[in-house]
Amino acid sequence: MSSTPLLLEIKDLHVHFAVYGGRLKVLDGVNFVMQSGERVGLVGEAGCGKTTTMKAILQVLPTPPAVIPCGEIYFKGRDLLKMNPNQLQQIRGRGISMIFQDPTAALNPVFTVGQQLKAVIKHSAVRGRPLSADEVHQRAIQSLQEVALADPERLLKSYPIQLSGGMRQRVCIGMALATNPELLIADEPGTSLDVTIQDQVLRLLHRLVKEKNTSVILITHTLGIVREMTDRVYVMYAGNIVEVAPTAGLFSRPMHPYTIGLMQAVPRLTGGGVSDGIPGRIPNYLQPPTGCRFHPRCPHVMDICRQEKPASYQVDDDHYVACFLYRGEEGKGS
Amino acid sequence: MSLGRFLVRRIVHSIFVLLGLSIVIFVIARVMPGDPARMALGARAPQWVVDRVREQMHLNEPLTVQYVYWLRGALRADFGLSLVTQRPVTADIQEFFPASLELVLLAGLFSAVGGIGLGVLSARYKDTWIDNVVRVISYAGIVTPSFIFAILFVLLFGFVLKWFPVIGRLSEHTVAPPTVTGMVTVDALLAGRLDAFADALRHMVLPALALAMGSIAQEARITRSSMADNLGKDYIAAARALGISERVVMGRFLLKPSLIPTVSILGLDIAATLGVAFLVELIFNWPGLARYGMTSMLHKDLNAISAVILVLGVAFVTVNILVDIIVAYLDPRIRLRAARSE
Amino acid sequence: MGQPRINSSSEAAALVAQRIRQLERESRRENLGRAWYKLSRNPMSVVGLAMVLSLILLAIAAPWVTPYPKHAGPFTDFANAKIPPCGRYLLGTDQIGRDILTRIIFGLRSSLLMGVVVLALVVPPGVLLGLLAGYFHGTWIDTLIMRITDIFLAVPPLILALAVASVLKPNLWNGMMAVSLMWWPWYTRLVYGLAVALRNEYFVTAAEITGASAGHILFREMLPNVLSPVFTKMSIDIAWVIIIGSMLSYVGLGVQPPEPSLGTMISDGARYLPDQWWIAVFPALAIVVVVLGFNLLGDGIRDMFAAEEI
């Protein structure tokens, strides 16, 4: 990796959930790095731990049941897991901000859009220099205009229940960007909307982060979106990062059997019919498979896959695969 | 507008409910006992007296006609004479209702302040010793009926510690303030008599606390659990993730939605307190409506029984409307839904 | 895994059926295990269960385990009246010389009986009406049932129960009738809310489309889905019914003397406060213990039905 300081670095992150019958070992040693200005995609099936990883970064996982037995999360060189609540609050919002998956759940139902948006803006003020009520109001209006919402004055006085799904999503985006964050985490924006509106929302988001030069982690299970909006992609399976590559490289040469399956599972208008996708489903996190967690579904499974967890092998510039198939190919990655 | 319409609908509905209740009361007081005249006069009254009373009470008419007579009286606040006090029932109620109301309002204040306060404390310090102490207290409050609290309070604070008086509304040496509202504390304030106010308040503390214990506990539990539920919601995670301070997240964005169930239950509890005040008023010798109703029930004083139930019904319905207004104020979803379903 | 060789379709069907039965057995066993895990995760729930079971056993075995079974009836012994707790009378004696411990244990019988009988009378009609009103949401059936329910909910149940009890002959059974008459609407309202929501669920729609009868939908599709809140409410309500029963007997509208009941014992004893405190305080504590047991158990049952968080 280059010498410029990393924006975000996650080292060996484990997250467990304590439930009936033991612990769900949801994250199993996630490693993740990104630099300032990058737009990174995080893809994988539903339930593979994408949202958990992102909530862990901001430390908004419900504890209990969540526990973080080990791992480090550095934001600009400082470990977020070791910060006190006060320091953490300084990072949240202004440093890292997040768009939640379901805009309906992410907006407080008993406060108006204005009350929520203004609280966020107020807290994003630099310590010791509070914003005046007027400034807050102006910035709230501006935030709503940015996300192309008409009649922002009226909108500020509305409750979430009065808005359509698309408007709620835009409000959430506006709120997340209102703090001018360095890093924006967008968790499947627009998934709950119908396709045309989802498309509009994504284009808007794409344009905004470009304009503001915000670093982005985009979580999604739609590969088309990744292709359009990101520079580099992490592929996640069952709590592990299984492949990392520049977006173009990943699409032209997917390597991990899971990534390959994922790409084949995309229905194409031109191809002949829909593929079978990947047989099987995400494993039980109570007793995850030994070795490589993908081995029960893998078409190329070998004996070693059942016993050992594969390391991340570098197969190309910036292209890493956690799969024994690629052991010994080119130099070893870290 | 929206809230106004919501209210009008609520009130119209309540009027129908009260009409229905009047039928139920009529059935209980006039149909179930067999011969209300005989019941009122006792077994030893000669038959001709019973017959005359039957005539007076329109008991020889068909039931529907009887009901109309009864309802007409009730609407004019005329429930006839009380057998026990030999006065018009309405006069009795005017005298006893304010005493109960005063007690229940103080109990309601105790439950709101104590219950929400303890609940928030418990949620804020979840799983620490504070939380555990609050949970034990609220458990004790829930499992102990109010009349048992009344007895324990009389014994402990009345007889052993002698902190509070345990009988009546005022001490013997305190001259009662002139009656305006019938609520001694309010009357004392109106007359500018702080000594009488303090004395009356001291008399109310134990019975009001005994009445409130159950709902304090209930509110504390509900507040705690709804705060705990909402703590896991995405909007709290989102508020935190966007950098809102922990104090504002907890004190504002978590508290308001969490208080909605508390407030709805609180109203029901205050109204229910009117219903369980019987024994507490009996134990503290409090001249309230509940005690009056109880005495009339034991003496099968049917006029008084029906009036008391109807008054309590009206009070209950009123409290429920008030609660609906507060909840609609707190929860825009209800307000907007009500407006939209028009 | 070796695949069994299948020779005919009937064999295949039999195998499938067998497998389904096996899965059902397993899932039942797992559900039971999960239920017990959730209940036992909170030790207080287990304590509650133990309390309730031992109270029930104590009440059943009252004639054999109490020191003075005769004191449960019309018995007087003025020479031994108002004796404070001592070795011979563990909880003392009352104003006419009867052993308080004996009478408390016998008093448990009518309390528990009342709780069980009232709920047995109240829950089936309450639930049925709620289901009907919910399923026929928006029709005259809904209106009729829910308006009547509203009327009963407009007054605290204790007041109507007291009024009904007061015009009837005062005894335990009429007390139960009075409380039952006033209690069903609470179940109707609970189930109504749930049923209205269930109506729109896909599985109900699916059953309707396939032409299932109203009876099938009500009892096979909707009923199982409302049972857990109903059970939870029952476990808490039984304590309430016991309290209300004791209030009825406190004011003389329930169990009649000399039959022992906790409420009567407290109201008799209240006259001897504070000097002979034990006459009132021990029966009062007994009520607290009974109610505590049921509440702890009720919490456990609620935990048992609660969805797993995460």
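Residue numbering begins at 1 within each chain, and the chains themselves are lettered A, B and C in the order written.
In the analysis below, contacts are C-beta pairs under 8 Å (C-beta built on N, C-alpha and C of every residue); 3 or more make two chains touch, one makes a residue touch a chain.
All of these numbers come straight from a predicted model, not from anything done at the bench.
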- Chain at maximum distance from chain B, centres defined as averaged CA atoms: A
- Note on the structure: If you tally C-beta contacts across B-C and across A-B, the winner is B-C
- Taking each chain's centre as the mean position of its Cα atoms, how many Å separate chain A from chain C? 49
- Taking each chain's mean CA coordinate, chain B and chain C are separated, in whole Å, by 25
- How many angstrom between the C-alpha centroids of chain B and chain A? 53
- Message: Please output the residue numbers of chain C that touch at least 2 other chains, ranges allowed.
- Response: 309
- Message: Where in chain A do residues touch two or more of the other chains?
- Response: 62
- Which residues belonging to chain B are in contact with no fewer than two other chains? 232
- Item | Touching residues (chain side chain B, partner chain A) in the complex | 231-235, 237-246, 248, 252-253, 256-257, 260, 330-333, 336
- Spell out the part of chain A that touches chain C in their complex, as residue ranges. 17, 19-21, 24, 62, 65
- Message: List the residues on chain C that touch chain A in their complex, please.
- Response: 34, 37-38, 308-310
- Note on the structure: As the complex stands, chain B meets chain C at residues 13-14, 16-18, 20-21, 23-25, 28-29, 32-33, 39, 139, 142-145, 147-148, 151-152, 154-155, 159-160, 232, 271-272, 274-276, 278-279, 282-283, 293-294, 297-298, 300, 302, 305, 308-309, 312-313, 316-317
- What part of chain C is in contact with chain B in the complex they form? 147-148, 150-152, 154-160, 162-164, 166-168, 239, 243, 246-247, 250-253, 266, 270, 273-274, 277, 280-281, 284, 287-288, 291-292, 295, 309
